[in-house]
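In what comes next, chain A is part of two complexes: it sits with chain B in the first one and with chain C in the second one.
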Partner chain A sequence: MSNLFDLLVAGLATGAIYALVAVGFTLLWQTSQTINFAQGEFVMLPAFLMLAAMHAGAPFWLAIILGILLSMILLGLGFKLLLVDPMMRHGVLPLAIATMALAIGIKEAVKQFFSAEASPFPSIVPTGDVSIFGHAVSLQSIGVLVVAILAVLGLTTLLNRTSLGHQMQAAAQNPTVARIIGVPVERMILLTFLINAFLVALASLLITPIYLAKFSSGEVLGQAAFIAAIVGGFNQVRGAIAGGLLIGVLDNLAAAYVSTQYRAAVPMIFLIAVILFRPQGLLGRAEERTV
Partner chain B sequence: MSGFGKPLKIALGLAVIAGLIIVPMNFNRYGLFILSQWAVMSIAAMGLNLTLGYAGQVSLAQGAFVGIGAYAAAIMTTHGWPLPAAILVAIALSFSVGWVLGYPALRVQHHYLAFVTLAFSTLAFLVFRNESWLTGGIYGISNIPRPHVLGIATNKPLPFYYVCLGSLAIVSVAVWWLIRSPWGRAFMALRENPLRAQSLGIDTRRYTLMAFAIGSALGGVAGALYAPLTQYIDPVPFNLSLSLDLLMMVIVGGAGFYFGPFLGAMIAVLLPEWLRFTEGYYLMLYAVAVMGLLIWSPTGILGILDRYLAERRTKAASALRAVAKSRLETAQ
Partner chain C sequence: MKTTILAGALLAFAAATSVHAQAIKLADVAELSGGGATVGTNWKNGIDLAIEEINAKGGVLGRKLEVTHADSQSNPGVARAQVQKALDAEPYVLLGPGYSGSVKVTAPLAAEAGIAQIMGGEAAELTQAGNKFLFRTSFGQQSSMPKVAKYIHDEMKAKTVAVVWVNNDFGRGGRDMVTKELERLGSKVVADLSTEAGQADFAADVGKIKAANPDAVFVYLNEEESARILKELKRQGVNAPLMGETTLIGQKVIELAGDAANGARGHVGLTTDAPVDLVKQFREKFSKKYNYVPDHNGLKGYLAVYMVKATTEKMGKVDPKKFADTLHGLTIKAADEPGILMDVTFSDTGDIDRQSFLVEVVEGKQVVKQVLPKVK
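What follows is the complex of A and B.
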């Protein structure tokens, strides 16, 4: 069963990255009803920003900081001000379509201004293996897991233990009442967009060394995060984390035990089953129906 | 669109139809291909507009139905069946699959429904790619024959363009009739307020399934025309992005407007071609144009027209009121 152990570790590592992306996804949905179809492209772009900074001569650590800052400006502030704000009051669907167009735009821009080829990306974790219970586990998997867990812990602490986090939750749950009791709702929404941008930049930093930097790599990732968010519970941060880990493990197990041809089908069938039998997600709470 | 006079509207319609018949006569092969593609995509988008725009059920699976229709047509015509028979099979197949896909819509709505259909779309793609005994797998199906219509071979681009245009015309008339029939009204009732529709005695269950099935069947028709148009199909064009593209066409054109899909398909198929002179930038410009349009008018192109006409009507009405008021005052 050494194979199973390896699969589980690899699955948890990719799952942790899915979870980061899925958490950002649910945050945007909760505070502004944005279904961000460009979330996968949001993960793809920061790696290229970091690569660009390195081409300009910046050392790796500086490139990471610049990349994260730039993506918070572009994918957080810019995304909110230029696309979400003007469209938010017109309902979910037009905005979702606009993010689809944004996904095409980002992909094409990267293809045009950087490269259509996959570029290698340095890892923040040294390569090599360590032995755990007699199994060789790659340091990369462990590093990814540790960073992702730290990020998620940090975020949940922020949301549940600080006044700022409580204000954000209030703004998400009931904007009108939150406004009445003095929560700066607009600022809280902006904050969730910045957090999302930070999370995708972090995910980009973790996943790109594994899958290389390529303009089209966002498609698969976006879809996986999407499924993770729904499976776990569209309106719950902890649901998105559970969903991400679950999809990561499921995906790896399916590749090994079902068939490589139909591995992509397993999360999909799981998704359909969850939506039909527990639409609010495994950990989510039911949304009130608006008539 | 009651802002225009009726004769003017008819004249405009005839001019557009005449233009679509006459102007492409001296188009080159590529131009005709693009225009045929526009006609085919208009049919698929019209189907999605029925499901989404009129009945209010979000579907991200229309591309999968185009795929089902395309594979049905490709498999049958390469085995010697005539295209009309293949179209009928494509309709029957996508109608029944669409009917089944409608069942989740009875349980979940809005974005959840979108995700179920999205998952279906990916599953369909996997079947197209992996069941190579039926679909040829990644190598696809080649040498798909084009039909003979009234004894005329349509192997050349121009005759086949007329086949696509003719099919578009037939579908357009059928949809026009459908949305004016009690069924169409029931669909709209479903979109506006499902609870109220139910309390008025509309069998919302049946109409929801129907909206899905009919919309999907039109996707199948589009697919059955797409296969002989390209004469070669593989799974790649029928992946999720086709479903997203079709959804974009419907929203950009104007969901719930009869002419929305025609305009939406025009933007999605022709605009990137017109922008090709910008070389690597054309899809980027296309994306920016779509975002800009949606920011300006979230209800699509026809939403702009609708707003303009509504404004004009209000202005005309208030002008009439002003006249009436001044008359009243002078009478006093």
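What follows is the complex of A and C.
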């Protein structure tokens, strides 16, 4: 039983990180119909930017700030201007393929300029345990959960409680009408790209101390977050959060009770079941499309 | 005057060619570039150092040693081509490669040519294919795992053990060997956990270890995964002693795992930190010549050449056809041949028996805690 509790906590902590990445997925999809298959690499890269800043002599806190800012410039602004905008007019599929190419490009560049070997990465949370209901729970797991929950709460508050958030939602739901009533749609779309870049940088900061900084570490993350977004509902932020947590827990339970070899298959099987029986996702809304 | 110079030159030329003709030719194929460059460069430098020493003392049976180095680019395909080329030149003995995969594809070529091959690979299967010409310079898993199991049972006094291994040839070989030995000694394997190469998340695996509550944990993964599981073990507060091989306590693992590596123990076949005077002298000579501290591959290359010397002197002649037969079953004592550094015995399969070391990570440093004697 204590094993189950440990697995749930560890699963929720990883799931919270998946949720951050999955939320970014859904934001980009809602505002610009971008399916970003480089999302996993977007999580891998900021850790290396932070490491580069530290190698250049910056203290850890400064490296974090620089890493997040650089990520927002490269993975937010740069991604939108240089890749999404030119490709968008050719449709969803060419853009999705372009993001796959970008994923390979980022991975190889990191391998070339840093190293093919893993590097250690400091943790923002100290190591140690606290006791919860008589169970020892690591501070790192709690730290990851707390930071991720705060980020998601902040985001939902921004989207639902502020005028800026309402404008973003309007731009996402019906850009034409939003433009008519004076919402700066282009700026709102850019803002979602910046928010996505911020979220992936945060996820990078949380996950890299556990997974180590390595050029290939985005592959697993990108896939998990993609599944989480679809399972939860690609068009709902709260769906992505639920999907992320669910996939995190499911992955850990599968590794423990099914087998390590088949652990990666379990979320996929779950994904197929969701697509078959509830195609809009657990918390998603059915989208109607005219053909 | 002119004729004297000419005669002198001729004489010198004749002397040079006769020495050249008499030199014993060795061929080395190693990972001099690519992913295994560290392995191959250490191996090559070890060879060069040994040859320089031996030649300075008059060579082997009065003949100098000569070696040609070829680069396998850490690629089994290239290694095969280079070994074929090297064998065409009819060397006395073939040295290398260091990677097990490259050894696996080149060993049949050397065996077909009837040339002994002294190599650096450690995979168990290499010496189990009945090849009569292949020799190790370090332990294969069949030599190291019995020592590991004995240490877990005798020294750690573990009645229950969790075994974590990576699901590939290397991991499965080690796991099969250690499990068999542990059970023979009476320690029970209470958790048998296979993990994937490149696995990032070890929370569930460590959760299972925690649930099994073993007296000791045996970790047999590659370096990066070792670092990740060490961190996760610390994160989940698993306090059982950890035992592994070189891959658990290597310098790269310590760098990646930081504090979490402290206390981990590992069995190491060859280390330049060994508390053996001859090894210390080797380390000093090597560092002086190349300006860096060698890893165990430097030792392997050095030992390979001294294996050639000791075997040839045992035969009393340079006979490539009889070389392998002579080395099988041979015990070389460091007292007779200091270059072999530690007493070593070669089995009929080309495996070695030698003392080895128990290393513990203490405050981020490898510390040799114990010398484990030869098995026989």
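Keep in mind that, in the parts below, the second predicted complex is superposed on the first by the 291 of 291 C-alpha atoms of A that agree within 3 Å, B and C clash if a C-alpha of one lies under 4 Å from a C-alpha of the other, contacts with A are read in each partner's own complex, and residues count from 1 in each chain.
Basically, contacts are C-beta pairs under 8 Å (C-beta built on N, C-alpha and C of every residue); 3 or more make two chains touch, one makes a residue touch a chain.
Please read these numbers as outputs of a predicted model, since none were measured by experiment.
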Clash or fit: how do chain B and chain C relate after the overlay on chain A?
-> fit
A:Ile124 contacts which: chain B (first), chain C (second), both, neither?
-> neither
How wide is the angle at the Cα centre of chain A, looking out to the Cα centres of chain B and chain C, in steps of 10 degrees?
-> 70
Looking at the overlay, does A:Ala52 come into contact with chain B only (first), chain C only (second), both, or neither?
-> neither
Scan A:Ile210 for contacts with chain B and chain C and give back first, second, both or neither.
-> second
Which partner does A:Val220 reach: the first (chain B), the second (chain C), both, or neither?
-> second
Once the structures are superposed on A, label A:Gln261 by its partner contacts, choosing first (chain B), second (chain C), both or neither.
-> both
If you stack the two complexes on chain A, which partner ends up touching A:Glu108: first (chain B), second (chain C), both, or neither?
-> first
Examine A:Leu74 and indicate which partner it touches, taking first as chain B and second as chain C; both and neither are also allowed.
-> neither
Report for A:Leu158: first if it touches chain B alone, second if chain C alone, otherwise both or neither.
-> neither
Note down the smallest distance between any C-alpha of chain B and any C-alpha of chain C in the overlay, whole angstrom.
-> 6
Once the two structures are superposed, pull the chain A residues common to the chain B and chain C interfaces.
-> 261
Of all residues in chain A, which touch chain B in the complex?
-> 35, 37, 83, 86-87, 90-95, 97-98, 100-102, 104-105, 108-109, 111-112, 223, 226-227, 230, 234, 261-262, 264-265, 268-269, 271-272, 275-276, 279, 291
What residues of chain A sit close enough to touch chain C in their complex?
-> 2-3, 6-7, 10-11, 13-14, 116-120, 127, 129, 136, 138, 140-141, 209-212, 214, 216-217, 220, 251-256, 259-261, 263
Over in the complex, which chain C residues touch chain A? Could you list them?
-> 35, 167, 193-196, 198-201, 203-205, 207-208, 210-211, 224, 227-228, 231-232, 234-237, 252, 255-259
How about chain B: which of its residues touch chain A in the complex?
-> 58, 104, 107-108, 110-112, 115-116, 118-120, 122-123, 126, 129-130, 193, 195, 240, 244, 247-248, 251-252, 255, 280-281, 283-284, 286-288, 290-291, 294-295, 298-299
